[in-house]
Amino acid sequence: MDWTLLTVQLLNGLQLGILLFLLASGLTLIFGIMDVVNLAHGSLYMAGAFLCATFTQWFDSFLLGLLAALPAVAIIGLLVELIVIRRLYQRDHLDHVLATFGLILAFDTLTQMIWGPDGQVIPLPAWLDGQVTLTADIVLPTYRLAIITTGLLVGVGLFVLVTQTRLGMRIRAGATNRTMISALGINIGMLFSIVFGIGAVLAGLAGMMIAPITEASIGMGNQIIIVAFVVIVIGGIGSIKGAFIAAILVGLIDTMGRSYLDVLFKLFMSAQNAETSAPAISAMLIYILMAVILAVRPTGLFGPRGR
Amino acid sequence: MSLSTLTLRGFVTVLMLAVLALVPPLVDLTGNAFLIDLATRCVILAIAAVSLNLILGYGRMISFGHAAYLGIGAYAVGIPVYYEIYNGYLHILVAMAVSAVFAFATGLVCLRTRGVNFIMITMAFAQMVFFTFVSMEEYGGDDGLVIEVRSEFSRFINLEDATTLYYVCFASLLVVLYLVKRIVSSRFGMVIRGARGNELRMQSLGFDTFRYKLICYVIAGTICGFAGALLGNFTNFISPEMMDWTRSGELIFMVVLGGAGSLFGPVLGVSVFLLLEEFLSGLWLYWQLVFGIFLILVVLFANGGIDSWLSGRSKRSHDS
Amino acid sequence: MTAKAILSIANLHKSFGGVAATKQVSLDVVEGEIHAIIGPNGAGKTTLVSQLAGVLLPDSGRILFQGNDITQMPAHRRPHLGIARSFQITSIILDMTVLENVLLAVQAKAGHSYRFWANSGDDASLVEPAMASLEQVGLQNQAMQMAGPLSHGEHRQLEMAMVLATHPVLILLDEPTAGMGQEDSSRMVRTLQALKGSRTIILVEHDMNTVFMLADRITVLVEGQVIATGDPDAIRSNPRVRQAYLGEELDSIPSEPRAEDPMAHSPSAC
Amino acid sequence: MKLRIVLLSVVAALTALPAVAAETVKIGFVTTLTTPAGALGRDQIDAANIALDHIGHKMGGKDVEFIVEDDGFKPEIGKQKTDKLVKQDDVDFIAGFLWSHVLLASKKSALDGGKFLISANAGPSPLAGKACHKNFFSSSWQNDQNPMATGEVLNSKGVKKLYIMSPNYAAGKNMVSGVERTFKGEVVGKDMTKWGKDMQLDFSAELAKAKASGADAIFVFYPGPAGPAFIKQYEQAGLRGTIPLYTVFTVDALSLARLQKAGLGGVLGSWNTMFWAPDLDNATNKRFVADFKAKTGRYPTHYAAQAYDAIMLIKSGVDAVDGNTDDQDGIRAALSKADFPSVRGKYRYGPNHFPIQNFYLRTVKADANGDWFVSYVSTVLTDHQDTYYDQCHL
């Protein structure tokens, strides 16, 4: 066993998990409180990445780009809520799925119309672009550690927001019992907008964090949003804690699968077959995890009873 | 329901079937052989949409993984053909049997869940099938599998002939429509529709709704597997891409566009969807923008789909 | 107690997160009687009925129906023994016709419904009993209408028709007249009176007029506990009941009610 | 009710669009215009239009009708579009095809439909071997050829242990087998990553494995959108300077523009192999590159070069029969001579209609304006023929 490699891969898995958490936490809030299935959450992730790329290129600074892009994504999120999502609250999940599926098509195409088909790069400042030497053997890209740190900070911030503030109290009340918010005399429309805005910013931030690694590209949200849904379903809908644990779990499983499954497969099949089938099977692992968890607990790990 | 609107709906249904029945001679008149391709695809996807409608429209089981059955069905043609087994009856049998088994096994897990968890777990199982075929290097993996020769039936049914293939698909659609019509008005169908309206009530009447829904789920999957076998024959090609979650989303849209829970609605939905796609994609590179907005507008304003528009009543969406 | 108990509940207990909703409830229901369960709001009436129907499973205790232990039997199997339930909140299938709703109920009684081909709407063995049930509640003329747009009273009648169509031995009726106007309400009372003796009925009801008009025996629940069981006169004079309930409300009810009497109906305060 | 019937008739009318028959040479071009891979297709279309401008939109005295179809990066859609070109537009030639899996899915439709099929990029091995066809021609290369050249370069640089990464699709597998065929050292690790419109773009796990494998070089094939992402992560992981990178179809004009924007100077001086370079010294190439830059403001990629050649190749065929596109034998005979001015200079066809051509070592450098481009260094393979031609019996 190569312990160095294992450590590096665990950190890589953690980084992926953190990214998924940023996406999934907003998704699970929107879902838990508003009961809206928002497939277009991935489009906000993409919007964040593209806006951050453009602003970074304008200001010639990643941090300024990030700061400018965050409110921009929030505005886009609020507009989406105002124009489309708001009309869906009284509808069932089927309508949510379809309308937000339409949003994805529209967003992807709009993005190509504005930015063209090319990916957009986000240049990193030198202090983020290097490597950190943890031990003699373990050298990690600085930026990936920055993602982990940022994600954990946001996670703590979200935790404080939800558990310590008045807004958070309302959000929690809404997540556990939707009828209670109206009973408490809270302006539901406002609360929904705020929650959707927070979700949009978190999704956009996730896109901004990954884009310096992968570039901002059209449709980048379409696959990860499905994984984010897997995360919130595993974690139990409406539960931030569940989303966090499930995100880390999924991140680790995905990375470990990509790292070690081919080695495992080579034990009982030809090297050629192992190399080509291992990636597909490792991509399948998270879905298997989800099926197993739902088979045992139909509402997920930390899901509310009887939803 | 007034008489005039009722006849409009009936008129369109008859007209639609008449046009579909006459596609090959009409195509000969235009000289545009591609139209028969379009019509064949339309008819095959209509079978898939009708099968999805059985669970989604009549049973309110929002399966987000129905495209998996199309893939299973198509691979059930592609893989035997790869081994030079061309017997069409065998292909159909395998397609339907494997689909049925898959629907049964996954239905056991999926139907325990409710609401969005059901949507997501059906999608998860479809993704598993997707990745299973991606991992099967022998059958082309991600690249897909070219089906060099179409299924062989008797001497009189030669699927290599476009017209024959079309009529086989069209006849299949008619049979499936009749089958679904019988099922939904049978005792079994009553239970399924009852469970859509009020599952708790059905249980208190003494129906084990889980088992009825499971059987319905298996029937729908089996029919869609059959449609997949036709699709594999038609496209001469199958790739895991056909089982992507976006494909399942498109199938749902076709059903809802036409009118979920109406017998003929999905056929209309598929037709309008494909014509629009063909028409728009020829006009503008960015046609998907129009398409996406159209989808949103349909959801927001056209409750009940084309069917309820034709029958002149706007159906409230059934809130589960 | 001389008559045979068709349903016998012993030490039934159910709590939700530490709060007991049903506390050691024991009671016997005699064949053919209308047995009313009354109690103030939150007394656990619906929770008790839900356990009888199997929607909730008790934490402890035993339910015997015709001598069989049904305590842990799943909800969907109890109807096959002849236990039917009508819901407090109207629970019919809104996007089906009136007839189809009752057809389903007949179907449920007819055994399995794994028949995929024959049109159930043309099946005389289903339609005739269904129409008979509709006539019993006076809805035969609305048979082909969609259930959704009917009035509240008609919904309740339909619900009743569905219950009757299953030919139940024991009917669990949860507030059959709740929210009804006077006319609908007295129609329901007439329907129930006509059933008296032929069916065993457990009636949960807020409206004291209805209860004392219909019930052979009454059980009073307070905070999940049975505080009294007896015939209407015994209950009326029971001091514990008078204490728990508003004595005046009991006094205002005539001791020999008849259905034909013009009633000063007061809709129950919910 | 009236409105409904009117709308329905419009829908009905749409089904009956008749095919227009005219005295033109019709060329259908299937490529990717949407999704992140759309940039490659745009390059091809730009180049094809320049080629058409250069020939005055005429072939064999007839006007050229050029029909572009978007395959959406999906084999199934590519096949659907090919069917449409064959059956509805009744084109004479179908060209394009960036992706091997799209080409493999579509070839039956085009060839069974009796059309000439010209691949302007993809070169999957079956089409070079057993599944070769008299009406199929490549204006690019067979997939294995370019990595075989890289394998030779690796040998000459003294690489002993190689780590290979490639997307998991038809071309990726060919690329891997190509480099393995000529590379003489040991392959210490291999990763085949998810491809398609949901391609994997985060390579952290794979790069960590590569680093731990003790390899002294990494060979990758990441075309299109994946290229810059890979190179960026390679640099961020600090592998530059420890494990040198050798690429095929990864560093091109499109990825360089973005890498330059991102300030990833590490790619300067890196090596790759190709059958062509923008500064390859011949008159056709000079005119093509100059016009392309003037029109688009970009350096052309090899995708563009191949598309330009595809149009020129078709012209040579149509000219030979004076525009009589029914004379398929005449066109075929002319095409197999490859007698036209190619941007790569002169090449000839093997029996399987894949080019026999030179492969060059290229390096990345900045031009006079400071723009990065891939520049010719030396010739690695001369008149190189693919390894599948002897399985082709035409």
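A, B, C and D are the chain letters, set down in written order, and residue numbers restart from 1 in every chain.
Methods note: a contact is a pair of C-beta atoms (placed from the backbone, for glycine too) under 8 Å apart; a residue touches a chain by one contact, two chains touch by 3 or more.
As the structure is a computational prediction, the values presented were derived from the model and not from experiment.
*Asks:* Which chains does subunit B share as contact partners with subunit D?
*Replies:* Shared contacts of subunit B and subunit D: A.
*Asks:* Pick the pair with more C-beta contacts: B-C or A-D?
*Replies:* Top pair by contacting C-beta pairs is A-D.
*Asks:* Compare the CA centroid of subunit C with every other chain's and tell me the farthest one.
*Replies:* D
*Asks:* What chain lies closest to the overall centre, CA atoms only?
*Replies:* Smallest centre-to-centre distance to the global C-alpha mean: chain B.
*Asks:* Quick check: how many Å separate the C-alpha centres of subunit B and subunit C?
*Replies:* 44
*Asks:* Nearest whole angstrom, what separates the Cα centre of subunit A from the Cα centre of subunit D?
*Replies:* Measuring from centre to centre gives 34 Å for this pair.
*Asks:* If you average the CA atoms of subunit C and of subunit D, how many Å lie between those two points?
*Replies:* 75
*Asks:* Between subunit A and subunit B, what is the separation of their C-alpha centroids in Å?
*Replies:* Taking the average C-alpha coordinate of subunit A and of subunit B, the gap between them is 32 Å.
*Asks:* Give the residues of subunit B touching no fewer than two other chains, as numbers and ranges.
*Replies:* 134, 141-142, 288, 318
*Asks:* Which parts of subunit A, given as residue numbers and ranges, touch two or more other chains?
*Replies:* 109, 112, 222, 276, 279-280, 283
*Asks:* At which residue positions does subunit D touch at least two other chains?
*Replies:* Subunit D, residues with two or more chain partners: 33-34, 168, 194, 198.
*Asks:* Where do chains touch, given as pairs?
*Replies:* A-B, A-D, B-C, B-D
*Asks:* Help me check something: in the complex, which residues belonging to subunit A touch subunit B?
*Replies:* Those in contact with subunit B are residues 31, 37, 84, 87-88, 90-95, 97-99, 101-110, 112-113, 222, 226, 229-230, 233, 237, 272-273, 276-281, 283-284, 287-288, 290-291, 294-295, 298-300, 307.
*Asks:* In the complex, go through subunit B and note every residue touching subunit C.
*Replies:* Within the complex, subunit B contacts subunit C at residues 182-183, 185-191, 193-194, 196-198, 200-209, 212, 215, 318.
*Asks:* Which stretch or stretches of subunit D touch subunit B in the complex?
*Replies:* Within the complex, subunit D contacts subunit B at residues 1, 4-5, 8, 11-12, 14-19, 33-34, 70, 74-76, 79-80, 83-84, 86-88, 100-101, 104-105, 108-109, 168-170, 194-196, 198.
*Asks:* Under the touch definition given earlier, write down the residues of subunit B that touch subunit A in their complex.
*Replies:* Counting only subunit B, the residues touching subunit A are 56, 62, 64, 109, 112-117, 119-121, 123-125, 127-128, 131-132, 134-137, 141-142, 245-246, 249, 252-253, 256, 260, 286, 288-289, 291-296, 298-300, 317-320.
*Asks:* Which residues of subunit A touch subunit D once you look at their complex with the stated criterion?
*Replies:* 2, 4-5, 8-9, 12-13, 15-16, 57, 109, 112, 116-124, 129-131, 139, 141-144, 210, 212-215, 217-220, 222-223, 255, 258-259, 262, 275-276, 279-280, 283
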